[in-house]
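These notes open a run of structures that come right after.
Heads up, the next two complexes both have chain A, just with different partners, chain B and then chain C.
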Partner chain A sequence: MIADVPLLRRGRAALGLAQGVGSFLLTLGITLFGLVVVTFVIGRVVPIDPVLAVVGDRASGAVYERARTEMGLDRPLVEQFGLYLKKAVTGDFGRSVLTTNPVIDDIRSYFPATIELATLGTLIGTLIGVPLGVFAAVRSGSLLDQIVRIVGLVGYSVPIFWLGLMALLLFYAKLDWVAGPGRLDIAYDYMVTPVTGLLLVDSLLQGQVDVFWNAVSHIILPAALLGYFSLAYISRMTRALLLNELQQEYVVTARIKGLSEARVIWRHALRNAAVPLLTVVVLSYATLLEGSVLTETVFAWPGIGSYITNSLQNADLNAVLGGTLVVGAAFVTLNLISDLLYRLLDPRTR
Partner chain B sequence: MAGASSLAAWLTTAEPQSRTQARLGHAWQSFRRLARNPTAIAGLAIVALLIFVAIFAPLLATHSPIASGDLRTERLLPPGPVFWLGTDDQARDIYSRLLYGSRLTLAVVILVSVIATPIGLAIGTISGYFGGWIDRVLMRITDIFLAFPRLVLALAFVAALGPGIENAIIAIAITAWPPYARLARAETLTIRNSDFIHAVRLQGGSSLRILVKHIVPLCLSSVTVRVTLDMAGIILTAAGLGFLGLGAQPPTPEWGTMIAQGRRFLMDQWWVAAVPGIAIFVVSLGFNLLGDGLRDALDPKAAR
Partner chain C sequence: MGLAFVRTGFAAAVLAVALASSSVFAATPKDTLVQAWQIDDIISLDPAEIFEISTTEIAGNTYERLIGYDLDDVSKMFGVVAESWTVSPDGKTITFKIREGRKFASGNPITAADVEFSLQRAVLLDKSPAFIINQFGITKDNAKTSIKATGDYTVDFTMDRPYAPSFALYALTSSVASVVDKKLVLEHEANGDFGYEWLKTHYAGSGPFTIRDWRANEVAVLERNPNYSGTPAPLARVIYRHIPETATQRILLEKGDVDIARNLGPEQIAAISGNPDIKIQAAPKGTLYYLGLNQKNPNLAKPEVREALKYLVDYSAIADTIMKNQGAVHQAFLPKGFLGAVNDTPYALDVDKAKALLAKAGLADGFTVTMDVRSTQPITGVAEAIQATFAKAGVKVEIIPGDGKQTLTKYRARTHDIYIGVWGPDYQDPHTNAQTFASNPDNKDDASSKTLAWRNAWETPVLGPEVDAAILEKDPAKRAALYEAMQRQVMADGPFVIMFQQTENAALRSNVKNFIMGPSFDNNLATAASKD
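Right, the complex of A and B next:
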């Protein structure tokens, strides 16, 4: 009987895992479905007549009717939604009026720029934010703790687009430390063939060191800006999580055992805070993906955020809804992955 | 002096004579806790200043917020004795525009809370009180909205409804309610099986009466704290929509829109874009400080 216990435990763990993954997939499916419903509803309440947008306002009644039938707009709403859902699942969001390309192709060429920016931003935020949070927790109430609190508070209160403009003014226009808006200087355009779409990676792969450094001097400011907002969130959460761990009894035990303070903090306490911290980082990444809309506009960064706002200003609804759906899907997926990670990695939640 | 101390005594008495006295006493205690926190008082002062400026904007303004000045001589002037914070490209006084802009900021914050809070409260309390499949369906919908990216969703809503401050408010409210619903549900779950709820039900109180008269009031304080903490986010989203040209439309002196207009002159007349940004920052900071303080004062459990 006793020999069976580990086996039983392993079986139960596997079951818990399967349940976790199952409920993750279910929630993901339902949430993505909800997202499609919302964009469908938005597409229907819009005051623009989609048929007129295609045929133009000089078309005859017969042409108008034919286009309406072709677009499936004469069918019941439920059927229209079914059609919309089918298309959305296969990535068919129609054509962009502005660029005349299929929306999905546009998204494919714009999205890597956003990913590059958000990834670098999260990296900066994590690498600085976690140590800051740890020090703030360890020296709780000290001057450093106060500074970390203020840094976080400012991050929560300052409009990101305004800070971006001020940073451009200072570091680009006045000090000339970094390159200006855009991803590259015009001279370097089209010198790198996109493979991954991530300029920093592609230029290095192709041995184009000048292009790489030019790209770095363009990305560093927007990435630092996003990194700051991610830092504000991550350092605050790290501090709270670690403070909680430091009150636990195992920390007292470790100290009584005579472990060095550094070992107690970094090896014991931080390790136990690592799982929720990971979910915090994933969440912050998702927020940056979404929040890059404003940053991209300020820095003329050719990412999905710029694409959506450009399309918005030109009433290009297919592009707006397609972009919203893709960003939304990425956001929702990351959000739920952070939930799943928490369940998988923390044995207490099984 | 004697009057003040007897008032304090009346407020802090251990045996209140009426329900009003008890409530006032409770509020007084909360305020005392809040007042001990200097950053919370700073936040309160900023918010009070915002309200004051919004009310008295016509008296405090030195120029019209909308009408242009002399376009030949008064465009893009730096801050000076006549135009305290300089002028924009339409030769309008930035200081006066800023003052009137506070009305819009306040209106956005108030309207979004007035729309989103009741939705969240209703969905959360109904979900928690009735439980079962109602709870499951409502919470699933809440989760869907909670998982949505707020800014992008607000963008899409504005795309459909058309740009404008009213639609921006609706769009933000639609994306703001889910956390309130979650919170209200959690609070409802802890009180729905209390003796006093059973007592009301035995007296023949309807579910609606129990919800509105007994459960909602008990959820209000924690939801209020959460709403206050969200206000900075609401202001920033509204300003962001204005900056993208999707919120308030020119010549409305909305702060985000003002930054967008000043952006064209950033390199040489930087104050046109800088000043409204500082205003947004200070007001958001005020709401954040006040929200943190309120949380510590009203909800000691959540502190730390």
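Right, the complex of A and C next:
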């Protein structure tokens, strides 16, 4: 009987895992289906004629009608939805009208550009935001705390569009510290064959160190800008979470025990605050992954945000649906990862 | 401890920036012209489908047509792929003699078979610009007999009626009539598509440049054609970079990372005009800014109201401010430079006269009306200025802002009151605008022809037949007179308040020489451009 207990635990753990995976797949399925329905409906009710994007304004009546039929727009809405869904489950999102490519190819090209930018942005935001938040919490009420809070407030309230242009003007045009808009200088274009689509990775894999540094000089400014925005959020949350922890009894105990202040803060308090902080960072990352349309516009960055927006403005429904689904799937997956990490780090949630 | 960590973090960030800035920032290479331009309108590189501004310009630099026209005097036409042409005595057939010894970029010779294939293909594929050739009675059913190679270097172009030769010739200068490499295109044919799927993203022409690459919303790259039969382009490469934000275009230009910025607004142009490294180049384009007054609206359908509104726009004030360097006052449907264009401007802001006309129409207290406005400059600015002057006579305008495709969808569905629009001619012949502004053969809601007259529900029982007759008039002077009369009628009575003719501005680095900006986008040419 006693020997059975670990078995039982293992059984429960396996069951828990299976339930977790099952629940994730269900959430993913429902989310994606919901996204398809909502995006499809939006796509059909927007007061934009999708045929215009294909044939333009000058086409003859016959050409217009033929394109409309080819796009299946003459069929009942339910039938159009059914047909779309049938194709989408096989990964066939159709072709984008604007780029003429299969939507899946477009996503392969645009999404990595966004991933690269969002990842670097989140890294910058976290690496600077967490220490800033810690510092603000430890020196709560000090001048530096006020500065950190103002920095956060500015990050939250200044339009990214304006800030992006000012940053370009200063760091690119005046100081010449970084390269301008786009992912690479034209001189380096075509030197790297896309494998992962992440220029920083592909250039290193192919031993193109010059290209790598050029890509870094292009990405650093938009990434820093996005990093500043996630920093504003992350530092504020770190400060609040840590302040909360510092008031706990275990902190008092640790101090009474004679542990150094650094050890109390970094090893004990921050470690406990790290669990909810992780969710903050992951959600901030997920938000950046949706694509920051304005940053992408200012920096001529060919990312998924501007791709979806441009497609929506032209009622390019295949592209809008495909792009939205992929971003949605990424969002749900990141949420799940955040959940899993939460469980892993916090025994109480197991 | 915390502070130390923060310091380390900042040090790392500064190091990263320093490392990044150590990379080379090459100004644009001397043999490469880099243009910052909004090129997200490109949907196809196939000349049979090209109809957008960016692609029209790219086609002008990369493909050749049978004939061309002098940019300074568009009435002078010359052969390009064709050496010469003759019109048959019955006026229905134009025979083109093709120049011998010329090649496509692929190395294949240009022959009559290529011309025959290209024009037939455009009709058979039946994409948006196909109507330009369809106008001559050439349809999918008769394309193979109407466009016929009669020898290795002669092609007959046979029309259903004896149209004015200039009408047919101008139509053949448009992108849809570009000559494509038959052999190369057919090598990529799939399922009888005349190579359409392939040519949408590839190149098969004979122009000064070839199209090396196009990445949607990112870049289009042209390279010098080593097999070009004319004077080789001085530049090895022309790159169009898609820079959606005009402020970014300006920064790139000032920095020297692009050679030309194409979408700068008047304020940006004014701001950089003092920079010795930059020069501004302007060229009048055929595009017109106008108001469309929907005749389904009972107030706008009154002739006195239409006339009154023409007196309620402060043309010169808008031209001097919002449209400064962007357009000039022009009130007829044919742009300056076109055969028969009327250039006088009888309307100016006259509130008293407008009030009198409104009173005559029984609307002494004015009325309320909506205006669909694309949310982009200078359109929004012009609309707001009009709103202010209309109000002086009691006409209350409610502006409905919208995205371009959104307002256009509404306009095409004829559910607007007033639409502020732009219209550019499809080719250099006056018929292109006469047909759309002055002809509405079927005013029913489901009519297949959606001319501007139709979109504003304006019936044209008298003007329509006049438009049809003018394309058969062979005497250029008489033909010009016919168009002049049509323009005056539309000006006096039509549901259009035509206001301005667009001026295109480009800001160039001072070292760029001989970049040509012609009257239409297909003659914005980098073919002779070079850099000091």
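Basically, the second predicted complex is superposed on the first by the 271 of 350 C-alpha atoms of A that agree within 3 Å, B and C clash if a C-alpha of one lies under 4 Å from a C-alpha of the other, contacts with A are read in each partner's own complex, and residues count from 1 in each chain.
We take it that a residue touches a chain if its C-beta (ideal position, glycine included) is under 8 Å from a C-beta of that chain, and two chains touch if they have at least 3 such contacts.
Just so you know, these numbers come straight off a predicted model, no measurement behind them.
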Thinking of the overlay built on chain A, is A:165 touched by chain B (first), by chain C (second), by both, or by neither? both
Does the superposition put A:217 against chain B (first), chain C (second), both, or neither? second
Quick one: chain B or chain C, who's touching more of chain A? C
Looking at A:131 after the superposition, I want to know if it touches chain B, chain C, both of them or none. Which is it: first, second, both, neither? second
After superposition on the shared chain, which partner residues are touched by A:70: those of chain B (first), chain C (second), both, or neither? neither
Chain B versus chain C as contact partner of A:186, first or second or both or neither: second
Please work out whether A:43 is in contact with chain B alone, chain C alone, both, or neither, and reply first, second, both or neither. first
Mind working out whether A:297 is in touch with chain B, chain C, both or neither, as first, second, both or neither? both
Tell me the contact category for A:173 with respect to chain B and chain C: first, second, both or neither. both
What is the contact status of A:79 with respect to chain B (first) and chain C (second): first, second, both, or neither? neither
Chain A positions touched by chain B in one structure and by chain C in the second: 46-47, 165, 168-169, 173, 297, 313
Per the contact definition, I'd like the list of chain B residues that touch chain A in the complex. 140-141, 143-145, 147-153, 155-162, 232-233, 236, 239-240, 243-246, 256, 259, 263, 266-267, 270, 273-274, 276-277, 280-281, 284-285, 288-289, 304
Could you please specify the touching residues of chain A with respect to chain C in the complex? 46-49, 52-63, 65-66, 96-101, 106, 109, 124, 127-128, 131-132, 134-135, 138-139, 165, 168-169, 171-173, 176-182, 185-187, 189-190, 210, 213-214, 216-217, 220, 224, 261-262, 265-266, 297-300, 302, 306-307, 310, 313-315
Using the touch rule from the top, collect the residues of chain A that touch chain B in their complex. 27, 30-31, 34-35, 38-39, 42-43, 45-47, 153-154, 156-163, 165-166, 168-169, 173, 240, 243, 286, 289-291, 293-294, 297, 308-309, 312-313, 317, 320-321, 324, 327-328, 331-332, 335-336
Contacts from chain C onto chain A in the complex sit at residues 1-3, 5-6, 9-10, 12-13, 16-26, 28-29, 32, 34, 40, 43-44, 51-52, 126-131, 134, 200-201, 213, 215-219, 239, 241-245, 247-248, 251-252, 254-255, 257, 402-406, 408-410, 412, 426, 447-450
